[in-house]
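Next, two complexes with chain A in common: one pairs it with chain B, the other with chain C.
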Partner chain A sequence: MDPNLSNVDFRDFWQLAPATVLSVWGLVVLLADLALAGRMSAPARRRAIGWLTLAGVALALLAAAGLIQVQQLAKAETQGTPGWLSPSLAEYFSRAGGAIFLGTLSADLQTGVLNVLFIIMLGLVVWQSMAWSFTEDWGEYFALVTWATVGMMLLAASEELVTLFLTLETMTICLYLTTAFEKTRRRSAEGGLKYFVYGSVSSALFLFGLSLLYGLTGTTQFESIREVLASTGPAARGLSGNVTGATALLLMLVGFGFKIAAVPFHQWAPDAYEGAPAPVTAWIATGSKLASFVALMKVFLHALQPWSHPSNELLGPGWLGVIAIVSAVTMTYGNFAALVQRNFKRMLAYSSIANAGYMLVGVAAASVSTRGAEAAGSVLFYLVVYAFANIGAFAVAAWLVRDKKTDDIDDLNGLGMQSPLLAICILVLMLSLIGIPPFAGFFGKLYMFMEAINQQHAKAWPTLMGLVALGLMNSVVSAFYYVRVLKAMFLREPGGSRRLGLAGGSIEIPIVIGTLVAIFFGIYPGRLMSVMQGAAVSMLTTTTSTSGGFASMISAPSGTGYAPLPPAMASAPASPKSTRLDPEQAKKYADRMKKAEAQAKALASPGAQPKNAPPGEAKDALAKKAEAQQEDQ
Partner chain B sequence: MASDIPLNWFLYFAAASFSIGLVGVLVRRNAIAVLMAIEIMLNAANVNLVAFWRYRNAPPGAGPLPGVILALFVITVAAAEVAVGIGMILLCYRRWRAADVDRYDSMSG
Partner chain C sequence: MVQFLFLVIAALGLLTALGTVLARNLVHAALFLVAFFFTIACQFVLLEAEFLAALQVLVYIGAVAIILMFGIMLTRNIQGDDTTIVSAAWKIPALAAGLFVFGILVFGINNAVAPAGHSPWSESNMRPSIATDAGSSKATAVRREAVNNMARTVGNELMTRYVVGFEVAGLLLTVALVGAIALAHREEAEPDARSRGEQPARRASASPQPQAAGPSLVSSGTSPPR
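After this line comes the complex of A and B, so read on.
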């Protein structure tokens, strides 16, 4: 159709190595289960297939770590390329920065770090699944969990709306199915159906909003949407000046609201959490939430950022006011509803709703701020800390269901006497979830709320302060229901006809690892925080300040960046790397830019100069590009 | 293109069928009917996407995937959702002997 359309570079598949390994491994697991089905009993198959899946997880972890290593090695020009890479691959990795597959996916440190996190969490979830036999179809179960992870990894890497929608569906369809996997229980099927109905309605709402946004901007690429939206005057932006835009934005917000379980779109969450087998609940509460939040931040803080507060008023015509209200309602409702719950998983579901509210405070802060990347990084930090604590907490639920067949809070009675070490681990997890100082949960909340308070935006400050105050009060409320768990464990006598047996490795290990993460990042929060801020910098490609020390390691935005950044966003200093560009590499870089810009006709004509002076590296590249074109002619 | 059907007509049609789908999801109690209503919503979005693609004025650097490609993918996604949805409804039907979503209320609070 379009002769200028550039071809896909198939070496891009190397950048997707972890996702590829997991997708293929899902098939391997299915086949192995098929082969073993006739010969082994279901519990034996559970262990065999579980270990096989863990082997795949280890392989994927290796691929992800190796990929980061290769990317960093290839970027560090002083060391030269490692000998074991073929020349064509070495050349590919040395110039690959940011976008792959024509700019539809990003492959940089952000995706690398998130991939590693997703894979580690998948490992814990798989391990936890091996605790007891809640189903007989182990091959299908493990394959679906693995493919859901593939969806999450690609969702967190997506750079445009088509990829975003497809990966979101890949993730959630796999999760619908695994929710209904506990065949002996009614509530599992019910939870699965409710999750499915709410989830697919929200997908349809999201898709309709997406189609309107596509109509408004003519593009699906985040960067390009941002440029188009930013190029209109303030009057045409936001919710009041533009009915179609407002509809699109609100529909997309509703879609994401369902995925992250924000009030008033939370109804599915308690039922799905209670109904699903505990490992699946853990995966919905952590992996799916992490991936959805990353996607939400990419769409709202990157693509739709020009519409956040166009008139500089917080409750003016922008999405910021909506997010602020949703955030306030979500954390308050979640915490108060959790107070009255008796089922442990249902309580955690409401606590997860409340946590979504806290994280939306961080999102709101990131959208007004000049320190957007830091604020987004603090949300990521909170998500990671929350995710590991929750995987541990759901392992406790798995333990209860396995031995007592129910998972009420009262079933924990007397655990402190029975297995004191694990009870202390659970104590740490709960204290971290409340946000008590020595543990990581405290620093997660601290960083996020500090970012909200530190915004120097005169009009936004009172509202953000109000949100932070509400968040702190809510943390106090949340202490009550977490303490009920501790009270049951330490102050009550064991009761009931069934007793908890020995935990076993598959339950101990997630609890212990969750505890270690809560303690370790409570004592050393700085390192993870800087990694997460670095990840956020490259997540919001055009973000303003890259002052963090880690930012120099981030690849410079490229590929999708076809036009100069708007002047307000142009304060980012050129990364040290760009000053060291020798002509040969600059030319390669310029060629790459040119490929990505094949359609940029305005810029492609030699006479047309960009309106705004492009900053640092982009400027160099544009100049080199013009030269390269003249050489071509 | 000048003699084509105006873009607005497509948008009115899509908005109307989307609303019909949404009302269907909220009002109908039969699980199969809810599933059909969801399909109507997805297809309304498809009409939008294809119409916008036909009439679009793409900015430079619009990316390799136009709306019509997404519409094709959405058809696939919709098929997957139906397969999963029917499976879930059958699972629930076996337990409750009813396909009525209001009956599935063993959990609440």
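After this line comes the complex of A and C, so read on.
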């Protein structure tokens, strides 16, 4: 072999173990279904194949957790090689985590944590799918759901545009297909078709954006793109005068906006959410959103960071203004549209749009600050909490569809009398989604908005402040539609001819796990938060850590004139530990925000005292006070 | 000269792409698509990527197009219907939006701002000579290697740097195939339901010893659409 040709370290394949297990298991499931097809009825096959898929999920979880464990053990081993690993593997794992496959994927804390999360969520989705027979092609269904997870895991790990696009497509194509899997309902096919048509158009635009970016920078690797853009010099930063760059950025935003359901690109969401079988909807709303947000943050906060160009003009040159506008419109539209929905899944679709808006506030905050990793970590925290709450909420939808064939909010009437324990769990989920204090959803919003308020950047501050104010006002609005669910459950008599049957394990467990997550991380948010911030640090700085030999391996593809700059030129990230909120302070903020929220609610509720101050401003003032106090300390 | 050739081929490509979208008859659309693939191959030749041009002809025109034609021949309704056509009220705004994006792209690409220290992308590079000369820079050497040994360079990149993307593309094709079969099977299931119900019964009466394996082939969830 030619010595100047780059070569892959074959030990890199060990890092892909969870994804490999899941891809192979998809084929196993498919073959098992083929073998069982003639011998079993569809419901029996559903259970058998479902358990088989769960076995694969357990194997993948073992692989993912084992990988993290091995890596940590190998790093902790100081002298010699441990006996349980071959020397070459021990040497490989003891190196600092970073880019694998010549810098196309990352393998570090972030991918490890996200892999475990994706696999756990996949387990819940598969478990929930076993509740009732919405299709007969069980082998195909479970295989596609599993392969979608492979796409998500690799998407969250990708460090390069080609891999990013391919994994994104793998994920979404699986989701288009499974959306249309419910044979007996026309809405399912309609939702799948709409999802597919919008999705393929947005993918085409996204690809166009990627190709323009490649043309401008001459490389597809995030790190190299960042260096090329940063080398333009601080004076010329931003997009001023660069129409092509702006076009590339906007086209990429179309692609990401579609995947996360941000407002101008959200039209598919209500129909696809309503039409898809409930477990698939849960997977679209949680896994796909989490993976897409990670990719969005990697591209915008890492690769395109030099183009963010914060300025106090809302439409200044740079993507901060665009993200701010999209975020504001998304959360306002999502919340107000959700108010008038009667279908439970459709309401959750609009609430998912609104939540994408909140998370974009965190992304905007991460772009301007020196504490970008913390802000990004708070977005990850919010995503995880939101994902588990949503899986629980869609389990409720699955319950309704299974027993009543419809999924309107009114179908929940009288659930509080019928099965009080589950109703209380749903209450907790809804309160967490609103953001009521003792639950995790509140801390997600708190951390994210505090990061936005704490920005030191004087010029971007008014923009972020406005976004936070709007976000808080929107949380108040969102309370109304979540409370409608609670009202139906607790205050109305059960009506209608069909009654909800016993929930059964496949519906109870996702609800209960969602509730436990909401309660546990509401009481102890600190630990998950620090894990997520650590993950965000490695997410945004993967290849800038030059401790290993990775930086030398990352080079522009041969055939282009560009060579990457020495890593020292890349801006050094702020150290993660220096300015993080400590738990005590966080508690104090929590109390203050709670008061602010209560006041705002009192102001905003209809028929309250004459509004001498809009709720947003009242909270503004309180938040400012909180910030001032923090600076004193 | 090259500029002129490029413009001609690009214009042809645009026309065939429009033909693909606008043709009512599916066979015509597929033929336009083949023509479009061919203009892409020509573009690759203009970019001195002869190996990619050959691949484009072999894979897209040779294999994909043929499969596409087979697929069209197996569908019942070749003549597209009017329901897929955009309503007249939206034609003008859509056209305006499309032309606006086109204008922005033309303006932007012509005025692209290159990063400092890099050459602008509109610069044209002459093909490096085959003979190695000591005076050439490293970038030229890399380029010469890439142009002269293109199959090798492409293969090497695919199997090292982009190996994960390569594998994921394989998974993507599997996913599309499995999903397409599952969904297409669904459409067959409804009109065929009665005949499928009868078939096992007929078989059972026809064969002296009805076996479990016989009906299983018919009702198998993964059998391809007939």
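Keep in mind that, in the parts below, the second predicted complex is superposed on the first by the 518 of 633 C-alpha atoms of A that agree within 3 Å, B and C clash if a C-alpha of one lies under 4 Å from a C-alpha of the other, contacts with A are read in each partner's own complex, and residues count from 1 in each chain.
The rule is simple: contacts are C-beta pairs under 8 Å (C-beta built on N, C-alpha and C of every residue); 3 or more make two chains touch, one makes a residue touch a chain.
Every value quoted in this text rests on a predicted model; they were computed, and no experiment measured them.
Visitor: Between chain B (first) and chain C (second), which does A:228 come into contact with in this model arrangement: first, second, both, or neither?
Guide: both
Visitor: Of the partners chain B and chain C, which touch A:200 in the superposed model: first, second, both, neither?
Guide: In the superposition, A:200 contacts chain B only.
Visitor: Have a look at where A:190 lands relative to chain B and chain C in the superposition and call it first, second, both or neither.
Guide: First partner only, chain B.
Visitor: If you stack the two complexes on chain A, which partner ends up touching A:274: first (chain B), second (chain C), both, or neither?
Guide: The answer is first: A:274 touches chain B but not chain C.
Visitor: Mind working out whether A:177 is in touch with chain B, chain C, both or neither, as first, second, both or neither?
Guide: both
Visitor: After the superposition on A, what does A:410 contact: first (chain B), second (chain C), both or neither?
Guide: neither
Visitor: When the two structures are overlaid on chain A, which partner does A:340 contact: first (chain B), second (chain C), both, or neither?
Guide: Only chain B is touched by A:340; chain C is not.
Visitor: Is A:34 in contact with chain B, with chain C, with both, or with neither (first, second, both, neither)?
Guide: It touches chain C, and chain B stays clear.
Visitor: Tell me the contact category for A:91 with respect to chain B and chain C: first, second, both or neither.
Guide: neither
Visitor: Following superposition on chain A, which residues of chain A contact chain B and also contact chain C?
Guide: Correct list for chain A: 5, 102-104, 162-163, 166, 169, 173, 176-177, 180, 212, 215, 217-218, 228, 562.
Visitor: In the complex, go through chain C and note every residue touching chain A.
Guide: Touch residues, chain C against chain A: 104-105, 107-109, 111-119, 121, 139, 142-143, 145-146, 153, 156-157, 159-165, 168-169, 171-172, 174-176, 178-183, 185-186, 189, 212-213, 215-217, 219-222.
Visitor: Using the touch rule from the top, collect the residues of chain A that touch chain B in their complex.
Guide: 5, 102-104, 160-163, 165-166, 169, 173, 176-177, 180, 186-187, 189-194, 196-197, 200-201, 203-205, 207-208, 210-212, 214-215, 217-221, 223-224, 227-228, 270-271, 274-275, 340-341, 346, 560, 562-563, 596-597, 599-603
Visitor: List the residues on chain A that touch chain C in their complex, please.
Guide: Touch residues, chain A against chain C: 5-8, 16, 23, 30, 33-34, 37-39, 101-105, 136-141, 143-144, 147, 150-151, 154, 162-163, 166-167, 169-170, 173-174, 176-178, 180-181, 183, 212, 215-218, 228-229, 231-233, 236, 241-247, 557-559, 561-562.
Visitor: Show which residues of chain B lie in contact with chain A when the two form their complex.
Guide: 11, 14, 18, 21-22, 25, 31, 34, 38, 41-42, 44-46, 48-49, 51-52, 56-67, 69-70, 73-74, 77, 80-81, 84-85, 87-89, 91-92, 95-96, 101, 104-107, 109
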